[in-house]
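Each structure below is given as structure tokens.
You will see two complexes here that share chain A, one where it goes with chain B and one where it goes with chain C.
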Partner chain A sequence: MGKASFVVRRTLQLVVTLWAVGTVLFGLFRLMPGDPTSYVVSSQMTQEARRQIIESYGLNEPLYVQYIKFLQNLVVLDFGQSFHSNQPVTQVIATYLPNTLVLMLTAFIAAYTIGITLGVLSGWYRGSRFERSTVITALTARSVPTFYVGLIVLWIFGAELGVIPMSGMTSLGTQNAGFWEMVFSVDFLQHLLAPALVLGFYFMGYPLLIMRSSMLEVLSEDFIDVCRAKGLKERTIMFKHAARNAMLPVVTAAAIALGYAVGGSVLIETVFAWPGIGREMVRAVLRRDFPVAQGTFIVLAATIIILNFVADLAYGYLDPRVTYD
Partner chain B sequence: MAQEEQSGRSIFTDLDDGSTNEQVDKWQRTARLWKETLIEQWKMLTDELSVKLSLFVVAAFVLIAIFAPLIAPYPPLQRQYQGDAGILIEKWADPSLLGADNGYLLGTTAEGFDIFSQLVYGTRAALMVGLIAAVFTAGIGTLVGLVAGYYGGKVDDALMRVVDFLYGMPLLPTVIVLVAVLGPNLWNIILALIILQWRSTARVIRSQALSLRERPFVKAAEVAGASDWHIISRHLAPNVLPMTFLYGSFGIAWAILAEAGVSFIGLGDPNTVSWGTMLQASRAYSALQFGAWWWFVPPGICIGLLVISGFLIGRGYEEITNPKLQ
Partner chain C sequence: MSLLEVEDLEVYYETEDGPAQAVDGVSFELEEGENLGIVGESGCGKTTLAKSIIGILPDAGYVNGGEIRFKGDDLTDMTGAQRRRLKWEEISMVAQSAMNSLDPVYTIREQIVEAIETHRPGTGRTESTEIVTEMFELVGLDPDRADDYPHQFSGGMRQRAMIAMALALEPSLILADEPTTALDVIMQDQILKRMGKIQDEVNSSMLVITHDVSVVAETCDRVLVMYAGKVAEEGPVEEIFGQPYHPYTIGLKRAFPNIRKPTQDLLSIAGYPPELVDPPTGCRFAERCPMATDRCREEEPEAHQMNGLRSYCHYAEDIDTELRPYADNPETWSQTAAARKAETGNVGGD
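== the complex of A and B ==
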């Protein structure tokens, strides 16, 4: 099988997976105990008002009609209206998704730069005390829950020392002209620092450990000996020859990990009261606002599914040795 | 074939369904095989210091969980009252660890619960979630992986598409939605974790089974007329056992972390005390702002200790199963 048919098959699989996630969600939210309409209408309303509201959300129609409509709307990315605020769900997503992305990408880029560098060094200086301490740090970083590290950071630096803000993304009462204006304001960066560092510390362990084991594999290959024989400098061998060849597993792992990072943004956003999409999803679930919960969940899942897809395709382009059969 | 060889012992005794006498023999052989494999794995595992320490930590937590009612001075959800007056403790009692004279080692929560007792009982919830979720995820994952890898073809395709679908679901949000649908209690959290987490074990075991299937001893068993189930359970399963254990020990760690996260968000079991619900309560009553560290620091340390032990045991195991990593 050639590359083209692999891409076609993989794309089909992407579509099927997205459909399956949507269907499962549709079923789950309609399985929720109790009448879904009871979250929309209150008992004091007149029969007529109740009926109108239920009809306006399309909740009176048979399930299969609702399902077909749901799928049709999914294709054009229309997730309906919030039961809570009556806003269109797409608008809710457009408000919260950029906040999550700014936080995640900042933490992610920092974590991968530092993690990869440490991974290269610890693979190179194998068996040293430096290697052991980086590996243990990486394991610790992945063992202590991020939200707990966040709590401790908030307690020490927020409550006790008062050097970082306790919650939110901007101070109360600040007005910003636009999104980018806000992102580059000092106030925003102050709020960003703590959650980004906590997340970065957590993300760092993964590329570090992968890079290390990938380095160990590359360093045992013949071309490294050739480099040595040529009399190249140690640092040139380490970064230019060994590290570049060892990068491949990290690159594909990074694409997948970024997806799961966005999908797992729930806890850190809750701790730092960061107005992101994960926290919004939890709040929507808790107040049974299922159009919003559904929409935000699909965004989180789609991020993972699409980045997995990208990683699969990228693998073939980055490594010419990959065959499709 | 079976009839001719009923009387005498043959090299095929473990292959056919003979008389009851041979049946007993068959079970003994199976039991011995599994026992030997397990002892061998255990010996390799306890070779390293960090693994030994981790096993010690886990054992200590297991003991604390079993003897929780003896260790904890109060039931975890029993309100404490001031003196004999019967007044509920206002705000919270300071810990006697810091010199307060009230007998509450780590003080009480704002609701008047003894924190130390909650911590001790929290071990039960953590271990229960960790162990049950890990056994089922590793078990289901191994079974699915073996079946998919051994049969290949359409069976493999179907099972792996299910795994791909599960990989598309973000862990925590999915558990949150499932728990919201099923109702917030510990069993539903465990169930939600099992539904999602077998995916990684299944994928790894499948790729192992794919290569094992081509080995001569499996071919030999096939030629000798062994049933599919016989080959899967007796020839493939013991060979993937190290991987199952590896993913099982990681599974404990992930399950404990996930339970803590879900409880922290507020979807924990209101009738059970776990380290996650303790953290959630401390946050709800602004213990951070008041600097009541004795409330929110200990649960996190316990989670961290238990989880890192799980990871270290897993890593020690990984080095056995994959000598390249050493």
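== the complex of A and C ==
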């Protein structure tokens, strides 16, 4: 079987997985205690007004009709309207997702670049003081919860020293012409620094440790001896041969971790009051804003599923031994 | 001047209990175009010897003393950069378990071209393609398959690809460490024949490291028998396997089937090689030698020139007259085994 049919099969799997996730979410929100209409319907309203509102949201329909409509809308990426703001959910997502992505990708790319490099070096210089200290740092970084580190950082650098802004993405009252203008403004970068560093520090440990142990395995292979016998430079052997082979498990781990990074943004966004999709999701759940909660959940789940798919494809590209059977 | 002169080479490994003397005072010479076999049991230091010659000792290993002179220059005295220039260009290798000696994520061509470009920068694409094609033809591989990845090759093909890579720069010296152990006998025979033929064309010398005496018999002019990091005996192949002057070689010879005496029982030398961290004084083989005397256990033997051989046995001169009939008798060896069992039994009983 070739690569094309693998992609087709894998895409079908992806659709089925997304459908399953959607169904679970649909059920989940309807099983939750509490009435979603309580937010939009006030007790002072007349019965008639209350009925009209409920009907306008389609909540009077039998569950299976709601489910079919939900799926139909899902296909065209229509997640309905927010109970809270009456905005389309897609617009809510479009507002908050980019904020999350900027924060996560900045932290992620920095963490994986540094983590992989340190992993390569600590595997190569096994038994050195450098290796011991990087491993200890990585383990510490993996073990301390981000929200805790975040609070400490805010306390020391924000409250005590006053060198970083305490919350948000931009200073109050800042006007930016557009998203990208904002992203490249000094004010935004100042706000980005602390949460990105805290997250990056946490993300870094994982690729570092995987890369290190993968390096140790590769370095004991015979072909490394041959590379040395060929008279290749140390750096060439380290990166072109050893790291290139050791990368394979890190790629899978990275794609999955990136998915979870976007999904796991809740805590850090809450601590730093970062207006991202994770924080918005929590708020939507608390307000019983079904459409927004469903929509954000689906976006996060889809991110994880799609990145898994990307990892599978990347693996085939990186390792010639992988066949698509 | 010989191509390669190894003199009193000592290669040690750092261990927790102190240095392990993996190669201890080994000397030999290798002439241009000559093939030298190095035989011995596992752990006798033959691979360490090869690694120290090409310069790929692991971190724990180091040259403690002695010289490795290649075309007159002492390799142990060179800087890393100087040595790197000699690697593959002058001294290449066919690694032990050559099956796993190719990087799985690059094509065979990429790996051969990498060696060419490292040592001959500025080599054009046409020229390196020519070299790859030529080498593939030389080892009997289809040049069209040079763009395959190692996993697309069978074991024998990978082995030949490895040999093609080792020959690509036409080095003066090839170290072949167990070049055929992973292969079946038919493939082994093919590859050995081909290597011999190629060698005549390229006129390179070869150091064949193996524990398989038949491989040496087929490919080498001379053979060096190693035991526990030291040379036991060295000389022309016919002499070593015809009339050896060291009890270890006699035992080793009898441990392999002889096609002229198919009914002869195979013998195993009882016991194990000594510890290399704190080796016993005297002859290292004394403990397992059925003919050992107190002198063997106390005094380290010197080289005795015998009949074109170099034997490190105190009694090399007496072997012909007194010891050979005794050593040729399989019972001599089984008796030591029995005696040793009895001895250890006593020790345990005390």
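Points to keep in mind about this one:
Definition applied: the second predicted complex is superposed on the first by the 317 of 325 C-alpha atoms of A that agree within 3 Å, B and C clash if a C-alpha of one lies under 4 Å from a C-alpha of the other, contacts with A are read in each partner's own complex, and residues count from 1 in each chain.
Operating definition for what follows: a contact is a pair of C-beta atoms (placed from the backbone, for glycine too) under 8 Å apart; a residue touches a chain by one contact, two chains touch by 3 or more.
All values reported here derive from a predicted model rather than from experimental measurement.
Aligning the shared chain A places chain B and chain C next to each other free of steric conflict. By the document's definition of touching, neither partner reaches A:V163: not chain B, not chain C. Of the two partner chains placed by the overlay, only chain B lies in contact with A:V266; chain C stays clear of it. By the document's definition of touching, neither partner reaches A:L189: not chain B, not chain C. When the two structures are aligned on the shared chain, A:E221 is found in touch with chain C, with no touch to chain B.
In the superposition on chain A, A:L318 contacts chain C only, with no contact to chain B. Put simply, more of the residues of chain A are touched by B, taking chain B and chain C as the two choices.
By the document's definition of touching, of the two partners only chain C reaches A:L232; chain B does not. Of the two partner chains placed around the shared chain by superposition, chain B is the only one that A:Q13 touches, whereas chain C remains out of contact. Applying the stated contact rule after C-alpha superposition, one finds that A:N245 touches chain C and leaves chain B untouched. For the three-chain overlay built from the shared chain A, the minimum Cα spacing from chain B to chain C equals 16 Å.
Overlap of the chain B and chain C contact sets on chain A: empty, with no shared residue.
The residues of chain A lying in touch with chain C in their complex are 127, 221-223, 225-233, 236, 241, 244-245, 318-321. Those residues of chain B that touch chain A in the shared complex are 161, 164-165, 167-173, 176-178, 180-181, 183, 253, 257, 260-261, 264-267, 279, 283, 288-289, 291, 293, 296-297, 300, 303-304, 307-308, 311-312, 315, 324-325.
Note for the complex: chain A touches chain B at residues 13, 16-18, 20-21, 25, 28-29, 31-33, 139-140, 142-145, 147-148, 151-152, 154-155, 158-160, 166, 213, 216-217, 260, 263-264, 266-267, 270, 278, 281-282, 285-286, 293, 297, 300-301, 304-305, 308. If you check the complex, the residues on chain C that touch chain A are 51, 54-56, 59, 83-89, 92-93, 95-98, 100-105, 114-115, 118-119, 149, 151, 162.
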